[in-house]
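You will see chain A twice below: alongside chain B first, and alongside chain C after that.
On to the complex of A and B.
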């Protein structure tokens, strides 16, 4: 019984939150890794691309809400998602046409494209604030919880319990579906295969008759979809604020690099590694140990390895160690 | 030849004088606030309130023989000391401002003060920098603030705990000068009164996820969670995550957490939570409400009153000094802010200009009952509130 309580505390404060956060990071990192693998540069505009896509979703959500359309217990935002993706895709294809294509035809070095993407980032940043402002926006509706901590406690009769928010469940389920669809697309379809070929060896792919413009366009479509889905899920689960999306860029890149830039599988693993390391290494084990150990051994202190302000240091330590011993990341991406 | 030289010299002198005269028709006041960054949602109202005070002075037409005051905005970013310093440097060297209203967050305010204001001898009045550390800053008498130091708020918050019988708390603060200063002040006062702090954990603003912080705070436990952060930043994320995981149900909030948006989003779940916020009541506050409404400015936002007062004080100090030169302003700020003199409310800045021009004394009351103590910081009164039925309910003023 005591062990069950310890497990419940762990579920509530470590496993469920980290699983959700990890899924959000993984979806973001997938977008970054696709751009890196196929277009060969680190896209710093990804965080703000997420913010812009989410902005579109929010606007459509509000419109649907004002029309009285809802999905019952499921957030209306899911209905608005395809429209948001369309808007984000139009934006990213437009950006590619106006900005990135110019540098691509010049065969500019990746580092130049990185700086260009920073410029794009600031522009997206401004557009987002221009459209929806810098404030917090709340657009979640429907049921907030699958079950709350209190409901679980009453049901199970334990002292501790855990709750699952509907957005947490939604995040994990959507992430699984999206990742499965992406892998199917990359491995089974003709377009997906031509994208992988283009990523592996550009010249050879061109020789075998692959249309580069089509590969680039499909990549941006996928990136727009991933960014909008990741941004919307994050916004539903926490809240939408443009500044936070800009800050999300850092853990997303950490996840993509740890997993191996250019490797979709690595991006997913990286997302969960970063999320779990942020939560577990700085976790105060006092409460868990109080339940798990006999009373005589119950700890006085917090039993915290290091305090929470170091949680970013933890993910970056992992990043440094991985880069030192496996420069290509855990899943053999491209060397940075 | 000699004549020619003389005439050119005279001509250039004249031109110079004419240039100076035309220049003197406009005096610039720097408004340096975090228009981007963590408090970007608060600053537009603060800047508008400050500019409202300058406009009022201009409209009266009585300021220093028809000189007009022109606000020049600059971005302090709230967090990036280098960017704030560069922005303030630009205000002084390129724009030639006479004084600075700002900065906002305590960290960048300290940086601007030390790196720009003191070396250039320019007066600064901050509406919202509340870190106790600034009390002892080397300022050559150039720094003032219209908001009280957090050393006092920490004490007030600890008193509130005492009166509510709270004995053990977990504390989380936003990881900057403001949060650290306030949490240190609170913990010192709370422990001196016999309370127990189970954990004191910082949180970063604008981050994606606060699960780690909540995990640690929940493990440490306590009657209430003291949140000393920003309502539209990490502070909100912490409260949201605590409610979702059932870690804490009652919260004690610092002044940065007071906002209607927080109440609208989470108020229903925060029943019984309480907090303190610098507040003022009385005719000055009401007068400001009327002035703000007439000027089309949202006067209810955090620190809008303090911003109005800061700008008004600068204008009056310039008037008292009789010049728009940066040098004379600082010496006159305490003069116009404190008794003796004719009390001045918001909306009466024109009257104040008349009194000063006639050689009289003014005691600026303003929107926040301005009374500058110590090295020039507001004494301040705090409002203790409880969240009841999804609304802030005043308990008492301390």
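On to the complex of A and C.
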């Protein structure tokens, strides 16, 4: 019984939140890793691209809410998502046309493209703040919980329980659907296969008649969709604030590198590794240990390895360890 | 038009912009822009040393600048005796323990043969070390932070002259850069970028949360100054008389005089660093660095230790950023950890280097002044523009209010556009490398 209670606390405070956060990171890291695989540079504008896509979703959500449209228990944002993705896709394709394409035809060094993406980051960031301002925005509506801690406790008769917020369930379900669709696309469709061929060996792909501009355009479409979905889910689950999205760059990059840059499977694994490490290291284990250990051994302190402010340090430490011992990542990525 | 004349023209333009600010807005504003321009120029020189000379992509400028700022507190603030007595020993012992654990782990890694035994030994050492560190360190921290938390609650500094903090700031930043360089150099260029981005966020997190060190978000105010205080000048009859002779009232004159003194100090540092870097650029060392940048493989084939040279130049460049950070905190007179924003301290410096001309020291200095001027002046100019656009709109309309509010965010947009335009149409910058 005691162990079951410990497990419930663990579910409520560690496993469910980390699964949610991990799904969000995985979607973000997939975007980064796709850009890296196809366009061959680390896209620093990804975090702000997420913010801008989410901004579009928020604006549509507000509009729908003002029209009185809602999805009942499901957040209205889900309805606004396709419109947000369309806006983000238009933006990213436009950016590619105006900014990145020039350097691609020039065959500029990857590091130049990274600097260019830094300029794009500034502009996205500026536009986001211009449209929606730098403050917190709340756009979640619908049901708050799938089931609450209390409901679960009453149902199971345990001392402890766990609840699942509707945004958490939504995040995980959406992530699974999106990832499945993405892998189906990459592995089963002609366009997806040509993308993977392009990523593996650009020259060979060109020789076999693959149109690079089409591959790049499809990549940006996918990246826009992934970024907007990741950003919206994160915003629904936590809250939307432009600067937070910029800060997400570090865990997202860490996830992509830990998994192996350029490897979609690695990005997902990396996302969950980073999320679970962040949550377990910054969680105060006192309550879990009180249940799990015999009374004599019950801890006095909070048993928190690191305070929550240092959660970025966790992703950073993992990043450093991976860079030191396995620079290509867990799932062998590219090392250009 | 010869290069010399062109460069002179560009610098004259910047000078004219600053003087223009003095005549149109106020001389006080102009001097503030000048002082921050000097500091920005030094930061740009540091980044240019890394990027322009060696092609290293450092996105953690903010962290090194912040370390410089921390150095000012650690060197110049008077020590808090009570705090030292309460927990100073605990904190020091904790830090030593932590360092010993890391050193032990490295030693284990090198001495033991690879295998499961080594992994387990490392894990055991890490766990024991970590909990021992936390136990000793936390009690020390609690004791220190309990000492008069409204006023001190931290260990204070060494109480040494503040000018000494500048080189110490450089040293601190160099130490941080060494650790990062050891890890990420020699790998792909993007990895260094991401590692530096990470370390800078962590440095800021440490400064925000470790109250015993930097008082965290409570800020350290009233840092000692290398120049006299305005109030003292205003109470000095000789100064008031001199000011009156120039037709200035004492308050304005004291402000201007203090800022001028800062400006002279900063200019001396800038000139020294600039001359040193120019000499370095022209020396065999500088030629070697550029050879490595342009073709690493060839340089390696010629027997150059590329990773070592990269580490060297990375540490040097970061040290310059740290020095500039210490100077900036001295000028501010306070350390505010929450004021360090990556867009302002990392990416803006990059815009300065790229716009000025990567690889060219003169360009970095020019970029520092010019971009800083733009950064400061875009906001009032944007406000003016927005007022023009919204003039015809009805008062109190939501759109008008929104547009007027959003002026504050014009800066980022402008900087991004400037960066992209320069990269596209003049990738070598305003003053190209020769």
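Everything that follows uses one rule, which is that the second predicted complex is superposed on the first by the 326 of 336 C-alpha atoms of A that agree within 3 Å, B and C clash if a C-alpha of one lies under 4 Å from a C-alpha of the other, contacts with A are read in each partner's own complex, and residues count from 1 in each chain.
As a working rule, a contact is a pair of C-beta atoms (placed from the backbone, for glycine too) under 8 Å apart; a residue touches a chain by one contact, two chains touch by 3 or more.
Just so it is clear, the model here is predicted, and its values are computed rather than measured.
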item	value
Fit or clash between chain C and chain B when superposed on chain A	clash
Which of chain B and chain C A:327 touches, first, second, both or neither	second
Which of chain B and chain C A:313 touches, first, second, both or neither	second
A:134 touches, of chain B and chain C: first, second, both or neither?	both
Which superposed partner A:46 touches (first chain B, second chain C, both, neither)	neither
Partner chain(s) touched by A:247 [first = chain B, second = chain C, both, neither]	both
Contacts of A:123 with chain B and chain C, given as first, second, both or neither	second
Overlapping contact positions on chain A, where the chain C interface meets the chain B interface	133-134, 246-247, 307, 309, 312
Of chain A, residues touching chain B in the complex	9, 12-14, 17-18, 21, 24-25, 133-136, 138, 148-150, 161-163, 165, 234, 238-239, 241, 243-244, 246-248, 251, 275, 278-279, 282-288, 302-304, 307-309, 311-312
Residues of chain A that touch chain C when the two form their complex	41-42, 44, 99, 102, 110-112, 114-116, 118-127, 129-131, 133-134, 246-247, 249-250, 253-254, 257, 261, 305, 307, 309-310, 312-313, 315-316, 319-320, 323-324, 327, 335-336
Residues of chain C touching chain A in the complex	55, 57, 59, 130, 183-184, 187-191, 193-195, 197-199, 201-202, 205, 208-209, 342-343, 347, 350-351, 354, 405-406, 408-417, 419-420, 423-424, 427
Touching residues on chain B, where the partner in the complex is chain A	36-38, 40-41, 175, 199, 201-204, 206-209, 211-216, 218-221, 232, 236-237, 240-241, 244-247, 261, 265
